[in-house]
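Below, subunit A partners subunit B and then partners subunit C, in two separate complexes.
Presenting the complex of A and B:
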């Protein structure tokens, strides 16, 4: 991996302006993605993980606005780009796959048309060439009888096949960055795995970077190189998947990991859910968003947002938690 | 496809037969006849007239005779206008009715849909508020009120348009406005809500994420889907507008068919009632068939005929 990140997001802050007030969905998120890297963003619903990506692609609903921050993609700030230039990037260098393949494809157009129009829009190729490319893509994502399936409509496909179509559309212009927003959530468990393996295989073959948004830690463990744990619109912990899973350093990450059932444990262990519910982003907590639910919250956690601390074990491993302040009490039982 | 069409036409013939039968017997169930009027005719004359038009035959004989006429597309003579055939009555009135109706339809489609789209694209902004305000007024105020008020101001007070008749193009303005007002407003509201629903769909985000031109996103992905419910309504609207409105034709003194229809009922002009009913019914059924065909073009999920495997 080269030293220059492909995507560099700095202090991204996004709000939705509703009749009830400003919903602060993303609050100062920073991360970067290197070429060819798979970054998993995990978090519960409302943690801001999808909004982060929609902000980068500038596909927010009309009442949403990026309030502050930068998102440099190959050196240019996506958030400052003219809409016309942004449009050229979407579907070309940066492609996106969505959660629900049942609703993400247009029901009144053939799947072939939905790929071909994208190829023509970006490559200006002839219909015939675009069609040929579409067949190749269908073969790449392993849709059987590719040529004839191009003429089918989305409702003639199963959920897994539709997600393959979505992936084929996303791949049509060899993107450098693929954003996959919960690509397996709406699918059957057996299909989920197939799609994940397909994504991983394609990534290995084509070498693009992937941002994988999910609420499923298992998905991250399976495919991602690096993980971003989001909560209350902020990044709580980040690091390589191996490190974070082995030594979670934020109480929220620890809570997430203990609330997932494990199949191979030596002794019977009760699942430990995280008590409480996510913060109301209309009136987010003044301090650490996780403080009200955190079993180890201290006085300072409620009053002040913690800075990011680098963990000693690995350079990229960071946690946003007061417990890592040099003056914090050291009965660090959770890291075990 | 052909088999499906044949089936639909078969169904239409059966429906038509039921409509003819029902109308025929219901009509004869109303007391009185075409020659009962305030100025009493001498009984002998009335009997002679009844005999001339076959009205003294038993009702089922009249029914059979009428059906025979229908098979040759002969709707019979009018009882009220001596010497006039119902076929001619319809053919005379149709151009007037169809012309105003067609112009009204053009207004409905060419203004209603774009206004709805404009409102949807500017949701909750002033354009939206303005369109919706007029559309709500348009739906709420009956056409005869619009017609009468417009006639009073524009024709009587301001003298901008003639008060009646279709002698020059200005004569068409008020009838067309009055005729299209309701449906235009209705279609504008429907287009707005339909497009808003489509704009919120996931596939619209996909279309944008693919980097398509905003026009492609709106027209190819948005409007095409939004048109489905509009086409559903547009079918009956076409039938409704092209067959005319009695009230509007009466207010503007237009020699269309709408007028004949209502007058024929109070006159018990049996053949005219039957003729115009059959004409309306056939028209409506054909429009519904066309709408169903259009559905297939717009929405591939709708399969009218099972594909032969």
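Presenting the complex of A and C:
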């Protein structure tokens, strides 16, 4: 979209080398994130969505390795950066928040201590200035009585408030990119919504880009501009949120959307689950990873990984599916 | 009186009282949902009925039998529980067969093998999984085992504590369909704890909204669907769920999928 994407990931391939063999967690993922954009990555457990982001940040466990690919952030390849420079970048330019705010905060320190420590480490400011900045950040994430709450310990906060603290810490250094990995999964629906709205509001105010990782389509629909649907370590479909939800063009996306129960689901109705189970990434299928579960799979789907096809409606809407090959049976036949 | 009847239930953990005068009636064949935020006491109510939380005052009656604080084999045969996390609720060193046979052994029931096979069939789990261990099964398959285990003694009531929230969306649908089918086939009564209102509208007839250990509203599912909940908190919950499941509103074309 923009001429200069903030982050440009190309053919990212990450594997874990275990005693049972090579687990191919991410297999050639490409996407970019423009400044100020919210990109949602959706996928089920094991689809590679978190590993994609961990690879970019180089926070993989010791048995994991990026086998191939590039991740350019403002022109420099993060995967080639010296560890020293990478450390500076993490937290400074790219910040991350995780699913469980309880385990990502140190229970024995006050939250003020933790946020001030971060500001001093990255900005080298005086303690007094750092404290002032911490109060501003707490106000930004709408923690009431910011100044006095700095002296509280994590256990004195509710789950939602703790996640606000995490967001405040992530925003310490005005990052250009915030990676949020399932930021609301551990929270109640009502609180979940508050946090999502907060993220969106902060994004609009500060203009940073956000990558939002989630298994929840509803979360994406609410806040993201663009969506990446991942399955079996690959991006299956991508496009603007409105287009993908309105006209899903990959059988997997379609399956996901129809399998979710809706508030208005009639009582007599049955849900339509996706039959089968996700692939074993120790031995991923040769062709399309979704082919074994796909109701519209053709012979070619089993043998060859499909290329990415651009959808007619919008240039940014793409699907990795053989059904969009000119020689494939038309949509009408398949949908019948 | 048949059904589950709870009157003025106050459950405590240590010195903290978690539920305050909860009264609830679930009639036979009905499916009632308990919804509310974490810590509102909904799972605690289930645990008290199942006999897992024993420090309570009030009355609990299951199918005409008043529940005491101790283990009650008769209530166990009538009322069973399915837990949220199928990874944590199955014994990792017991085969599926051993897990499913255990309730039969405890209650001294014969022809265990036939009953195990019958239940595996009932939850649509292939017989080849019978002698496997939980770690060899997917999350959805494990939850099927957990449901089969709950059904081994032929109960009439199932207490379901967030039965699908640990599962991936595509698998969640299978389990919800399964729960709906067996309820219909065996005329079971469900008491379901969930925070997902879409699951309520799919699986239940009525719902009770809990907050801070109290029931603030009970309503019919039709009221939920037509947005006619009365209590302020129920409304907030519904609004959050509705916007939150924005995907529903944004998928006018998804009917032609599949």
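Some points to look at:
Definition applied: the second predicted complex is superposed on the first by the 322 of 336 C-alpha atoms of A that agree within 3 Å, B and C clash if a C-alpha of one lies under 4 Å from a C-alpha of the other, contacts with A are read in each partner's own complex, and residues count from 1 in each chain.
Throughout what follows, contacts are C-beta pairs under 8 Å (C-beta built on N, C-alpha and C of every residue); 3 or more make two chains touch, one makes a residue touch a chain.
None of the values given here were measured: they were computed from a predicted structure.
With both complexes brought onto subunit A, simultaneous placement of subunit B and subunit C is permitted, the two fitting side by side without a clash. After the superposition on chain A, the angle subunit B-subunit A-subunit C between C-alpha centres rounds to 70°, nearest 10. By the touch criterion stated above, A:222 is placed in contact with subunit C alone, subunit B being left untouched.
Judged by the touch definition given at the top, the superposed model places A:270 against subunit C, while subunit B stays out of reach. In the superposition on chain A, contact of A:248 is made with subunit C only, not with subunit B. In the superposed model, more residues of subunit A are touched by C than by the other of subunit B and subunit C.
Using the contact criterion defined above for the overlaid structures, shared-chain residue A:19 touches neither subunit B nor subunit C, since it reaches no partner. Of the two partner chains, subunit C is the only one that A:259 touches; subunit B does not reach it. Contact with subunit C, but none with subunit B, is seen for A:192 once the two complexes are overlaid on the shared chain. With chain A used as the common frame, subunit B approaches subunit C to a shortest CA-CA distance of 16 Å. Those residues of subunit A that touch subunit C in the shared complex are 44-45, 159, 188-193, 215, 217-222, 241-242, 245-248, 251, 254-265, 267, 269-274, 277-278, 295, 335.
The touching residues of subunit B, counted against subunit A in their complex, run 123, 201-203, 205-214, 216, 220-221, 224-225, 298-301. On the side of subunit A, the complex with subunit B involves touching residues 57, 59, 62, 87-92, 95-96, 98, 100, 103-110, 117-118, 121-122, 153, 155, 166, 169. Listed in rising order, the residues of subunit C touching subunit A in the complex are 37-38, 138-140, 168-174, 176-177, 180, 195-199, 201-202, 221, 224-225, 236-237, 240-248, 250-254, 256-258.
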